[in-house]
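Report on one structure; see the data block that follows.
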Amino acid sequence: MTELSLGAARQILDSQPFSGLVGARITEFGDGDAVLEVDVREELTQQNGFLHGGVVSYAADNALTFAAGTTLGPAVLTGGFSIQYVRPASGRTLIARASVVHTGRRQAVVRCDLYTADDTGTETLCAVAQGTVLSARPT
Amino acid sequence: MTELSLGAARQILDSQPFSGLVGARITEFGDGDAVLEVDVREELTQQNGFLHGGVVSYAADNALTFAAGTTLGPAVLTGGFSIQYVRPASGRTLIARASVVHTGRRQAVVRCDLYTADDTGTETLCAVAQGTVLSARPT
Amino acid sequence: MTELSLGAARQILDSQPFSGLVGARITEFGDGDAVLEVDVREELTQQNGFLHGGVVSYAADNALTFAAGTTLGPAVLTGGFSIQYVRPASGRTLIARASVVHTGRRQAVVRCDLYTADDTGTETLCAVAQGTVLSARPT
Amino acid sequence: MTELSLGAARQILDSQPFSGLVGARITEFGDGDAVLEVDVREELTQQNGFLHGGVVSYAADNALTFAAGTTLGPAVLTGGFSIQYVRPASGRTLIARASVVHTGRRQAVVRCDLYTADDTGTETLCAVAQGTVLSARPT
């Protein structure tokens, strides 16, 4: 595999139209870890003004996949994930921190903690996720 | 609880700005079931032209929650869900069919099958999900 | 792969010492489906007299894996699963019915419904599960 | 709620016949954490000599539940969990370390890391899990 740089990871994210629609950015990438951030705005909310769960699950899905990309390379397929919401999400920025807990030749198992940061930078946990990502390379 | 009609469910969906951004609609609602549809467009894809997994997970999350709303009423909190992607999603329309498998006073357990329909209406399974939704009513 | 018969599946189950300790049997096997049964006895319960969740999760894990074996062959590795308990389990027999929802060359996605049957044979849903099983064959 | 001591938690475990059949013990309990251990023996294995996945999932289920008991009290119901196996488990002792990541009045979200320790005490990760546990107290 080709080891990916943060710059290369950002290029991949930029080539995902849906990530552009949501407004996601990668702020850390390497050594089994990836951090994805989304600025909260009214378009991303649900009927009560909180961040829509679908935005949180998008961030979990994508952060898990990028973290796996640091160990499996760029050709990966997300197998699936489980997410538990711990409180309604509000604040200025959604931050998804994903870390590979184990990687093999064929798949990686990854966890993700999802926080919202308020205007002072104080972070509050809003969800936790874990999932598996498969290598899409011919084996 | 107040039993919700399809019309009332559509009003709730319409009051979710993120569902408007994605372009979701409810086509069935009642008796433990809800169907959510999203027309596939370029803005919703990932880097290889397939529907982004985050769109599929958004649809699972929201369809599960609406299905639970048919038994728990409008005041619900999604506890979490697990999703497994079975193939890359492409086609004309994403269809999320969710059904309550058990409901109690405090929570419902719901499953969701996610399909894409092509121009001829032929449906192909792209993911399966299951989750729990909590009643938010004071007990 | 070698297609497995019900008899061959039973031999595999019989060669699992833990399945013997629990007292599991396979009653159906083939075409993407597997049914595993466990007779409820005091040794399998928790502190309130219900079947221990660990017995239910064992049955889900093993039924998922056997169902995948009908499509992937005997050399499989269970990747993981998600289980939601819908009510405390009691009765005469625990019945885990698993069905493959999608199978590829490398992995199968499987769902499982878990029931308890009482003395009259009436079945009550106690849990639902879904998981992934990987082919362990060299590819 | 009554805060539980390690001794009280051990009494609850001892009153679970299935935990006796498996041979589980609690080695730490308090402040959101619980550690459950199971000595590996031939009766707990599958057909290839590894620890059966059902033993690992039992340990995850029970450790999650005990960890939640440190914050929710003794009357709890396990809602469900997701487990990903990262490698076949072998060694001398299975160790399930569970920690509450968030607790509310009605439910706790808990993660669990599962290791096997060999004769030298060296630990190897074999699975990760996360789940939800509900308070069973009248509210």
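For clarity, chains are labelled A, B, C and D in written order, and residue numbers in each chain start from 1.
Convention: a contact is a pair of C-beta atoms (placed from the backbone, for glycine too) under 8 Å apart; a residue touches a chain by one contact, two chains touch by 3 or more.
This is a predicted model, so every value here is computed, not measured.
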| said: Based on mean C-alpha positions, I'd like to know which chain lies farthest from chain B. | reply: D
| task | Over half of the contact pairs shared by residue number: find the pair among B-C, A-D or C-D that meets that against A-B. | result | C-D
| request: Using mean C-alpha positions as chain centres, tell me how far chain B is from chain C in Å, no decimals. | output: 28
| said: Using Cα averages as centroids, what's the distance between chain A and chain C in whole Å? | reply: 32
| field | Residue list for chain D, restricted to those that touch at least two other chains | value | 79-80, 82, 84, 109, 132
| request: Name the graph shape formed by the protein chains and their touching pairs; answer line, ring, star, complete or other. | output: complete
| field | chain A to chain C touching residues, read off their complex | value | 79-80, 82, 106-107, 109, 132, 134, 139
| task | Would you mind writing out the residues of chain B in touch with chain A in their complex? | result | 12, 15-22, 42-47, 52-55, 57-62, 65, 77-85, 88, 127
| query | What part of chain A is in contact with chain D in the complex they form? | reply | 82, 84, 86-87, 101-102, 104, 109, 111, 125, 128, 130-132
